[in-house]
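What follows is a group of structures, each given as structure tokens.
Two complexes, one shared chain (chain A), two partners (chain B, chain C).
Our next item is the complex of A and B:
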């Protein structure tokens, strides 16, 4: 153990830990302001905002010797006996001078800057800056530069912390961004013909402590103080990155990565970042419907059915049909999947349960910074497989289900989907054409809904609550961020009601039941932390 | 609270004197006030044939207008500060990139629900470019709710209508031009 003294308060840090002064002070509850330092990037100590006083305590005599000059906290490691002073007159004066220097030619266009409200320059100016401006310069506008298909650079707002440059060099490994010129004329730029066009490009916008880098998808859409955020999990691929869904009045405006050392660290990919637009697509299925005439597929159009009636008549339809086959989509949460399997088994004791279609695209893509985009484009294959195993149907996949239905072993099928992109072609859908009852639960119409007896809407990722288990068996529970559009019940709510359970659908209750009933989910028994739990850890123990 | 609490001081009402009990002196006092107003100059006007005079248009809070800059463009930069300050949530703005090189963004749509507005003047106060102002137009009527939702064009036309009678307040109040 090593002890560090922060502003007179002694804290213990682990002997093997390699912390800098900013991290050590944070442990003591003291925030040292900083721009250029980021825990996920290399240290350059160029912004000088984190300058602090340090010293060393002599272990034998207890006498403290201070370093005469201020040192950058980000670049100064702490060891046993390190003394950190973050709030002396000298430090405060230095911070005010740094703020003044940064603001000399920083445009005062906060009212039209999209970063206003979450800008470190603003926050630190209020906290550490000085009230009046000594320089007789009043820049108001910023030059704008297109640096890539998703990112715009507001050149004059930049404070040259070079976080974005280091990110493209160290994490995405693409190195598109660079610093041109020197001194007061320094600017961020790209080389002509090589735009910032990589799959992690959106992260530079999150990294930017000021409003220099703007996300074209979000630019001018909404002021940040109107947004509310909910901790969610990205549904774009099997990596299951922790995210914040930022929304206002049930409309999602942007997704931001949420720090999670076990999954995505500080980053997320652009596929996930911009992968929410389907939530507000006008083509979504927005009401439960049943084919009008007869039970034969294709006959008639869908007639809207009230949800209260769906609960009763869907069960009756399936019970009348006989042998049931169910595709449990990997887009469902484990709670949804658990309830769906329970419903299926309550309708037909020997219902054939199988994993739904698992969408995939290309290969896993890895980046030098340790970030991987998975080829498997669904968030919960592992979770659904565990649920199926708990119901004695482990190892059955979509192809097994197709074979089962094609062989005529099923009279009715219930296919859950909820995929944001088209996922099934007509020949595959035709497998289901001979059934007496086909239930399809999806976001959009597909060749399969053309054959369906029942067409039920699915919920989008931000409209669900529950738990997803990612490719590394890491389970993350999350709450609903926005309400689904009017007329849409999230899947879990339908299953909950079909089981005849009282009250509102509550994923946490289902989670407790699962943890008690199934060993793989035992880790979910205690309320899991926001960063999630590894399901295998508890199993090994 | 307990009425026997020693910290409470109970006061007795003063007994009526002779003048009060007679009632007449107070009656005359009231009648004098009425009589004085009968002969004093009138402050009411017969609206709408006659228009009331607005004391100081700089601080009067009537119908909104959106000011134009020297080139006739809308002055608003779509910063949403008025919408943020508005306690009645009656301002609805859609921002977009501006077509002019000297301006970053501008309002593609700007709506004020005049029926929801409580005319508190916070929008005017919040505006960093003095684009939204409250005029001294005080009679605001319409035949439908939709008609009372003023869009950008209508708010600009209020400016065109009132700019001669009421120049932009910014100069007089030391704001931006």
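Our next item is the complex of A and C:
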């Protein structure tokens, strides 16, 4: 153990920990302002906002010797006996001067800047800056230019922290961004013909402490102070990045990565970042429907059914049909999957349960900074497989289900989907054509819904609550960010009601039951932390 | 006092003095041959340490001590970088050495590489020195042909390659770690220290960075001995344990308003007045001096009354200057405006600031804009306080920047305003009779540019 004294308060840090002054002070509850330092990037110590006073306590005499000059907190490691002073007169003056210097060439166009409200320059100026402006200035311009298909650079707002430049060099490994010119004329830019178009490009917008880098997808869509955020998990691929879904009035405006040392650290990919637009697609299935009587040649249209009636008549339809086959989508949460399997078994105790279609695209894509985009484009294959195993149906996949149905072993099928992109072609869908009852639960119409007896809406990722288990068996529980559109019940709610359970659907209760009933989910018994738990580690323990 | 006989500038004026044959005729490369045949690298380090040689590049750090910071028994490679990115305004001594006596520099470089066990040396040359470039490259070629460079030099088992690298003309590349970054092909942003270059320098390997003139001094110490070197200059102050003394000859670059500007060799410790009067032929046109830059623009200013200060490593500091720097003296006569001088100085640093650290990037440009406004007749007395605040808070010494360029930018501001405040105030009052006393903050922006 080592002790560090922050503003007179002594805190203990682990002997093996390599912390800088910013991290050590944070442990003591003191925030040292900083722009250029980021835990995921190399240290450049160039913004000089984190200048503090430090000293060393003599272990024998207890006498403190201070370093005469200010040092950058980001660059100064702490060791046993390090003294950090974050609030002295000298430090405050230095911060005020850095703030003043940064604002000399800044356009101060906060009213039309997207970053206003979550801007470090604003926040630090109110906290550490001075009210009086001493600099003599000419009228400003706020030039902007595209640096890539998703990112706009507002040149004059930049404070030259170079986080974005270091990100493209160290994490994405693509190195598109650079610093041009010198001194106060410095600018961030790309080389002509080499735009910022890597798959992690959106992260530079998150990294930007000011409004210099703007995300074209979010630009001018919403003031950030109207946004509410919910800790969610990205559904774009099997990596399961921790994210914040930022929304207002049940509309998602953007996704942001949420720091999680076990999964995505500080980053997320652009596929995930912009992969929420389907939530608000007008083509979504927005009501439960049962196909009316039609002729053999021309099936009737779907007639809307009230959800209260769905609960009863869906069960009746399926019970009447006989042998049931169920595809459990890897888009469902483990709680949804658990309830669905329970419902299926309560209808037909020999129901054939299998993993639904697992969408995939290309190969896993790794970046030098350690980030990997998975080829498997669904968030919960591992979780659903564990649930199926708990129901004695482990190892069965979508192909097994197709073969089962094609062989005529099923009279009814219930296919859960919820995929944001088209996923099934007509020949595959035709496998289900001879059934007496086909239930399809999906976001969008597909060749399969054309054959369906029941067409039920699915919930989007931000509209669900529950737990997903990623490719590394890391389970993350999350809450619902936005309400689904009117007329849509999240899957879990339907299954909960079909099981005749009382009260509102509560994923936490289901988790407790699963943890008690199934060893692989034992780790979910305690409320898992926001960063999730590794299911395998907990099993070994 | 017997007139001092130039040593470092021995070859100046000698026909074909830059050739190997001429250098050999003056006794050159004999010390190198003797060293390689009889001595160990450590002997050279000890010799340079004993001589008290301090780096000639500006900071005046002990050369021998710098070499001992290299890790012991390092498997290599270790690199030697010779800093020839001479861009401090007023400085041209490296240029004289490289153009007129390149072999002296190369001999020092080979000796220093031997001492530091470096098998590769990089000469980082300022872009604007084409003649130095040609002369040095020709000298290097001569050395390779004569077996003084390359594999197994003179049968000693010691190998050395020297690469001549031409910079792209930026002041910041003269900063030790800026030079290293530039050499690696990156933007010359000085590195944060630690790690120091002796531990992790070029290509993440231990590196020593020395000045061209330091290399020439090493060659002369090897030829003439430690005692000769120590007999010149100013001994250490016995009352100041931190003063290592200022030994040896020094090249002073004299320019500005003097009758005979030029590069003069003199023992360290000559006073500025002696330099101007004995070598420079006095202030030009019979005028009086008003001020002088003691060692490159970044060292600050001497007033005329301070001209008797000795130009050794400790002298300029005693009158509030940053140090001896590159010993480039620029004399300013009494008809020159200090406002113009400071404006020019600020313009230089605003242009050359690398832009990495906020206080320097914005401070240098802000000070330039204030001075532009003052010169345009819209100055206020309050501006002097702002300038002085910038001057005292910007730099490595207060801890607000990574490298010393900001200190160099701050010192002229600080010295000019502290030492010539009256002249600034007179200028402001004369040119801005209506507004010189205004202390209101500059009004907020009138127009915000549209997107």
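Odds and ends about this structure:
Criterion: the second predicted complex is superposed on the first by the 532 of 541 C-alpha atoms of A that agree within 3 Å, B and C clash if a C-alpha of one lies under 4 Å from a C-alpha of the other, contacts with A are read in each partner's own complex, and residues count from 1 in each chain.
Heads up, the rule we're going with is that a residue touches a chain if its C-beta (ideal position, glycine included) is under 8 Å from a C-beta of that chain, and two chains touch if they have at least 3 such contacts.
As the structure is a prediction and not an experimental result, all values here were calculated from the model.
Applying the stated contact rule after C-alpha superposition, one finds that A:159 touches chain C and leaves chain B untouched.
Within the superposed three-chain model, A:51 lies in touch with chain C and out of touch with chain B [touch as defined at top]. Contacts of A:141 after superposition on the shared chain: both chain B and chain C are touched.
Once chain A of one complex is fitted onto chain A of the other, the partner contacts of A:440 are absent, as it touches neither chain B nor chain C.
Contact with neither chain B nor chain C is seen for A:334 once the two complexes are overlaid on the shared chain. In the superposed model, A:102 lies in contact with chain C only, and not with chain B. In the superposition on chain A, A:205 makes contact with neither chain B nor chain C. In the superposed model, A:112 lies in contact with both chain B and chain C.
By the touch criterion stated above, A:220 is placed in contact with chain B alone, chain C being left untouched. Taking chain B and chain C in turn and counting the residues of chain A each one touches, the greater count comes from C.
The residues of chain A shared by its contacts with chain B and with chain C are 109, 112, 141-142, 144.
If you check the complex, the residues on chain C that touch chain A are 170, 172, 187, 189, 192, 350-359, 361-366, 369-370, 373, 386, 389, 393, 397-402, 441-442, 444-449, 451. Chain A makes touch with chain C in their complex at residues 43-49, 51, 69-72, 75, 93-94, 97-98, 101-102, 104-105, 107-109, 112, 132-137, 139-142, 144, 159-160, 178-179, 181-186. Those residues of chain B whose C-beta lies close enough to touch chain A in the complex are 77-81, 84, 95-97, 102, 104-105, 128-129. Listed in rising order, the residues of chain A touching chain B in the complex are 109, 111-112, 141-142, 144, 219-221, 223, 225-226.
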